[in-house]
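Letters A, B, C and D mark the chains as written, and numbering starts fresh at 1 in each.
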């Protein structure tokens, strides 16, 4: 169905701290580094391709890798949810709905990171 | 050769190109930049879905070696490997196009978007091909 | 007998949303009238918008039509003041290519000065420095204060100002009949094309400002207007081939002017006469002539990419025997149909050109004031018009 | 348009006849067969329909040469100026109003929304002169992306996927107008314009689909203008950040 345009409001109150686009570019750049590391390290350095349980656990015990993986988790969650937010904002909901979306995504994001870190610890404990 | 009125008030299924939210994904009439926009959005949504799937699957590691290695056996079957190739391609397209979006979108190279998109696609295709060969060869 | 306007303002209905109608609406509003303007399409969609965009210095008319030339140089100065920012003050260059052109130059130059147009002789070398794309074979040139305008946006300022002053501007409103009884016009019957609703607009006076359509409207009141729709072909090519308006230094003919418009160059024009201003056509041989004649001044035009070719109908005042339109004057004329046809409440303004739209409005409004016995001076020489965007923006 | 027998053909035009206030889902088209020649444009064909078949057909037009920008519409789903769009050679062509602007009648859209944004962006400036006195060349005319080339047709707004789903976005034309003020301020202070457009609903809203630039009939390149505006905005932020006591 065609969307019938509504009257345009003036742009918002002014510059935010960091435009979400810039946030997306910065986190995207970080991901380029971290994801490349994640992929190369896990699938190219480890001879077996880091697939089987023992390999994975051994890999995760390396403190450098813990830092890299946690940083990766944080940035990927931020980047992914900011992307979801950008898409949702393009629907043209009301400003109130947009504020709610932002809030919900913050909750989801923190939950994701907490889940990821907890999972990390649990895996290492279980092994 | 007289001009004539043929028909009045024909109802139509819809406009020639969709507007609104579905219009984002309608490739008709789009040019290269528009296709990049569509591709970025689709791969982005796909990657978010994969992220959560990935986090879910990793929880199997908690259940110990047997559960995990059984899963890995399944994941090494050809249909799953094909999904891996798809995932790799999505990451490459999104990531390389992301470089273009970052460079162009901050006004650093405001007028090279087309060349950058083509470059991103070429590199993505090449790396995806190499990756696919390796994935299916089981290294 | 002169009075001020009554408390219930005198209502003028203007038919025709071209530059003349817009400027008249603006003028009448400033004089305290109530104004309703109806136009069957978008404003400026008739002749006004198809204009080549030259703000005349008057030089083109200096030799043969002194009256028009003086009108132009005066209006050029006034419009520059009341429509600031709407013109590119690029001047015009009349270039002599042939020996005949050179022989014509002294008469042209003197006529410009005599009409009050500041003209300056320019050597071949200087002309080529000013406009490197000119035909290097040119002999000499004369610089005059021509300028270019946007054929739609400049007139739009008058609509914007009239609207802001309270005029009702109704595009997409087709006049289906004039309300005439006992040889008195009391309004128009219109159809709102946006919703199909028919209604009557009562007015104390109806002004026919329909340009080349003037005769079609006038016959609805059994009146006669000696208007000849005289179309000309214009050609727009890609590329800004000149910055000044380049004219051929010779008696006005086909394809002897190149007007820069943004990234285009407009070559004009030809001239013939038609019956129906809605059915002009674009004769391909005329387009070819624009290419050929334009290239004599600026050779690059010969191979420039064609962006568009179109026809515009000038509303020329003249006898029905006119064949090409070139012999007709470019001045304008107001007709009070009480005097010409014994019909009261109906006035026609036609003839003229884009540059003189304000003067046409002033003359018409003066006539209306005289008719009604109202004393209200013209203010359009001083009041700066609103930007064109104000016509649309809320 | 007079069409000679030799090169004449008949094309079927399917023309949108939606009116203001109609249910947006209830699309209605009238179909006309029109004689056309090789040079007949969509605008010529519409004028012929109005003259010969249906005087109630409404569409915007003025200059007939891609200079006024009034006849932007969608021909077979693609935006263009009717006056320079030849009638396609197929049997049938669908003509519809621009998208992302309210329809007034048939092919006429309401430009108020467009111009409102536009005015805020810094009114379009028309150069008082492009001539550089005594110069051998009209310098910069080819090189500069001239915002004055904008003919305010609304096509960029119609093709923009972001404007397509969210009317709060100020849109490409207004942003390009703003950039023009920054690029060549002519004595004005461009600071407030940059600050106005440094906004999530303005310069930062674009998703780089680049459709505006591709569709622009006048070569304005609004997308690149938006990107340069972002750079200016980012630079202005950086300056504010590093200048003590500076306020935004």
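The definition used in the following text is that a contact is a pair of C-beta atoms (placed from the backbone, for glycine too) under 8 Å apart; a residue touches a chain by one contact, two chains touch by 3 or more.
Owing to the predicted nature of the structure, the values given are computational and were not obtained by experimental measurement.
Nearest to the global CA centroid, when each chain is reduced to the mean of its CA atoms, is chain D. One finds 37 Å separating the Cα centroids of subunit A and subunit D. Subunit A and subunit C have CA centres that are 63 Å apart.
Centroid to centroid, with C-alpha atoms defining each point, subunit B and subunit C lie 56 Å apart. Centre to centre, using the average C-alpha position, subunit A and subunit B are separated by 17 Å. For subunit B, residues touching at least two other chains, in rising order: 14-15, 19-21, 24, 101, 105-106. Contact of a single residue of subunit A with at least two other chains is seen at positions 1-3, 21-22, 90-91.
Under the contact rule stated at the top, the pairs of chains that touch are A-B, A-D, B-D, C-D. Listing the residues of subunit D that touch subunit C in their complex gives 1-2, 19-20, 39, 41, 47, 51, 55-68, 70, 83-84, 104-105, 108, 111-112, 114-116, 118-119, 123-131, 134-138, 141, 146, 148-149, 151-152, 218-219.
Here subunit D touches subunit A in the complex through residues 24-25, 99-102, 113, 116-117, 120, 161-162, 164-170, 195-202, 204, 207, 230, 233-234, 237, 248, going by the rule given at the top. Residue ranges on subunit B touching subunit A, taken from their complex, read 14-15, 18-21, 24, 41, 44-45, 47-48, 51-52, 55, 58-59, 61-65, 68-69, 72, 75-76, 91, 95, 98-99, 101-102, 105-106, 139.
Note for the complex: subunit C touches subunit D at residues 40-42, 44-45, 48-50, 53, 85-91, 129-130, 132, 150-153, 172, 174, 191, 193-196, 234, 236, 240, 243-244, 260-264, 266, 278-279, 281-282, 284, 307-310, 312, 387, 389-390, 392-394.
Across the interface of their complex, subunit D is touched by residues 1-12, 14-16, 19-22, 86, 89-92 of subunit A.
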